[in-house]
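Residue numbering begins at 1 within each chain, and the chains themselves are lettered A, B and C in the order written.
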Amino acid sequence: MRPEHPARAVRIGIGGPVGSGKTALVAALCRALAGELRVAVVTNDIYTTEDADFLRRAGVLPDDRIRAVETGCCPHTAIRDDISANLDAVEELEEDLGELDLILVESGGDNLTATFSKGLVDHQIFVVDVAGGDKVPRKGGPGVTTADLLVVNKTDLAPLVGADLGVMARDAAARRGNLPTVFLTLVGDPGAEPVTAWVRDRVAHGVDPAAADHAESAPPHTHSANAEPHGAGAG
Amino acid sequence: MSLSTLLVLADGRLPAGAHAHSGGVEAAVAAGRVHDLATLRSFLVGRTATAGEVAAAFAAATCRALTGPQLQDALGGSPDRRGDEPGGPRAFAGVDSDRVRELDDGIDARTASPALRAASRAQGRALLRAAARIWPTTPSTTAGKQPHHPVAVGIAAAAAGLRPREAALVAVYGGITGSASAAVRLLGLDPYAVHALVAELAPECDRLAARAADRADLPVDDLPAGSAILLDIGAEQHATWEVRLFAS
Amino acid sequence: MRAEARVVAEADGRGGTRLSTVYGEPPLLPRRTGHRHAGHAEVHLVGGAAGPLGGDELRIHVEVGPDAHLVVRTVAASLAQPSHPPRHSTLTITATVHGTLAWLPEPTVAVTGCDHTTRSIVDLCDGAELLWREELIAGRHDEPSGDLRAATTVRCGGRTILRHDLAIGPSADAGPATVGGARAVGTLLVVGPHAPTRPTATSTGATMPLANAPAALISATASDAAGLRRALDGDTVNTWAADPSAKPGNCRKN
């Protein structure tokens, strides 16, 4: 459900270790939400064209709704310490596509310490998978402990890798207090139901005005009457 | 002028997008032209003598255009040899902002490669965004929202209360550290040895910055224009890669 | 030595081009060449091989009127030579173009010890078309290069669209950021509706559309003059200079 007058699109960061299923989750969210919301994606993966190809092949999002960001070997930096390239990508999507409801920002290959800056996203989802071992929630780290939503993905593999989902749930609860955790299998639940519902809810609430100011897209004092889009002839 | 303010603007951790650019190192590494300390050293020297000097000159000239030729006549001689003035963020003379546009055009004319123009404007936009948040007096100029990076350096320096020479220093030094740290990440070079190279180039940075400040009032066509053909070619090749770690 | 040359081309009113001025002082001697009936006029500078010499101050001025079409070549490579005692030499080329100018000289070779600068300032009026080639060769055969610089400014309707300085020799950088030790470096600027609009690149050359004009710069490095010429010209010169007999490197004797 779209908020009445969105100040700007709700931005949700999707972080987590390489291979945990971030791109698969992005695809699932787009598939589930593209019919009701105006969605765009920023990816920080080094295999940018592969991710974009994957999303396009999956038929979930046209090419022009996906922007790739190069992170200069520093995926954490690009989503946390120096978010300018990601902000540029978000701004470009908004400039090119007009009003949007939801922008998903997928991080590059992180470790457990990576989180998104509040200057870049409004909410963040951290994706781990059971194949990484059932100790991951116990290890903690900012991603697991502070993400607005923790997704434990690939539960279908739990029996194969001997992961105890009960242990993971208990550890996650201990680490995260009241913050929600969902268990997911994108194989068994290609619509990622619980995550989709959570995202839909965030979009319906819209952007907190204070946060909107914080994660503002345009620099306040640099508008110019003469500012023309410098395409710089690239391409 | 505040030395600490200079450090703020020159800090590689300033959130202005620099970490995502390699200054041409990623392409040079892929082409095999840069593969060890010695070749990195030659790369840094050549880049500094061409793109670095151009960046220094345009950063200084932009800063001068926005801060005015203060005290030039009173003290005589080179305006940047004068003693330190009261520093800190302050009002601009607001002078001659058409000049900023002309300077921005001058970098277009010196940057044949479309990929390098796009990279320069992306970094300029990011720096301007950072400057506007850090120094709220950051002026809007006729160069618009995404000026070339050296022009953005000049604007940010002016907003921070720095002088043309410091603007030039930030531009040329930033070019060196950006390339150097990209080389550390791409080649796994010994970071101490790489920083020894950066330190070795410090006097050259100082020299270029002083020269840039001395010439900050020259007509745009008379500003430095040293071209580096392989930086252009490398940037164009890099732009076509399917997988790359750096934006340029 | 100081010397000057002037060439002025005008439309002849019958679809052709006539040369109203062809003036030169040694060693700058322009000669009309090419077919009388071709739609364009062609001039070769002869005697270029002798210089420039240290201390020389040479000037060439070219004017191409509306609808006129001028091709300028040299008969052979120019050898920039040192003097004793060593002195700087300069060649200043100014061009004002309303119609079409193809400036396609042979390369300049930096003989050991030379200290030469070629400064080019080209003013294009709106709608003017241009081919402008610059080739710098680091010494003859295996000799160490002298210092050779090309400083180029091209304006289109008063706005500078290209400004670059190329340099080879002991005072210039030859490392992996600039020319990578190549002995031959050069550029070909194409301005007009025929200019490539998409960037392309190989490992030693690139075609780069410029920012503020229908123009592209082709830049290349090569191990020798012939390789450089191939990289720069590609098909551009033959398809656009509009003279099927004026192939690159074709030097008619005068």
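Everything that follows uses one rule, which is that a residue touches a chain if its C-beta (ideal position, glycine included) is under 8 Å from a C-beta of that chain, and two chains touch if they have at least 3 such contacts.
Just so it is clear, the model here is predicted, and its values are computed rather than measured.
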Query = Which one of the chains is farthest from chain C, going by Cα centres?
reply = A
Inquiry  = Per-chain Cα mean versus the mean over all protein Cα atoms: which chain has them closest together?
reply    = B
Remark   = Cα centre of chain A to Cα centre of chain B, whole Å, reads 33
Ask   = How far is the middle of chain A from the middle of chain C, if each middle is the mean of its Cα atoms, in Å?
value = 54
Junction residues of chain A - those touching two or more other chains = 232-233, 235
Ask   = What are the residues of chain B that contact at least two other chains?
value = 114-115, 117, 239
Request  = Enumerate the residues of chain C that touch no fewer than two other chains.
outcome  = 199, 209-211
Chain A-facing residues of chain B, complex = 13-22, 101, 114-115, 117-118, 120-122, 125-126, 128-133, 136-146, 182, 185-186, 239, 242-247
Ask   = Which residues of chain A touch chain B in their complex?
value = 46-49, 69-74, 77-78, 81-85, 87-88, 218-224, 226-228, 230, 232-235
Remark   = Counting only contacts in the complex, chain B reaches chain C at residues 24, 28, 31, 33-34, 39, 42-47, 49-51, 105-106, 108-115, 117, 220-221, 224-233, 236-237, 239-240
Query = Where on chain C does chain B make contact in their complex?
reply = 151, 153, 159-167, 173-180, 185, 187, 199-206, 208-212, 217, 219-221
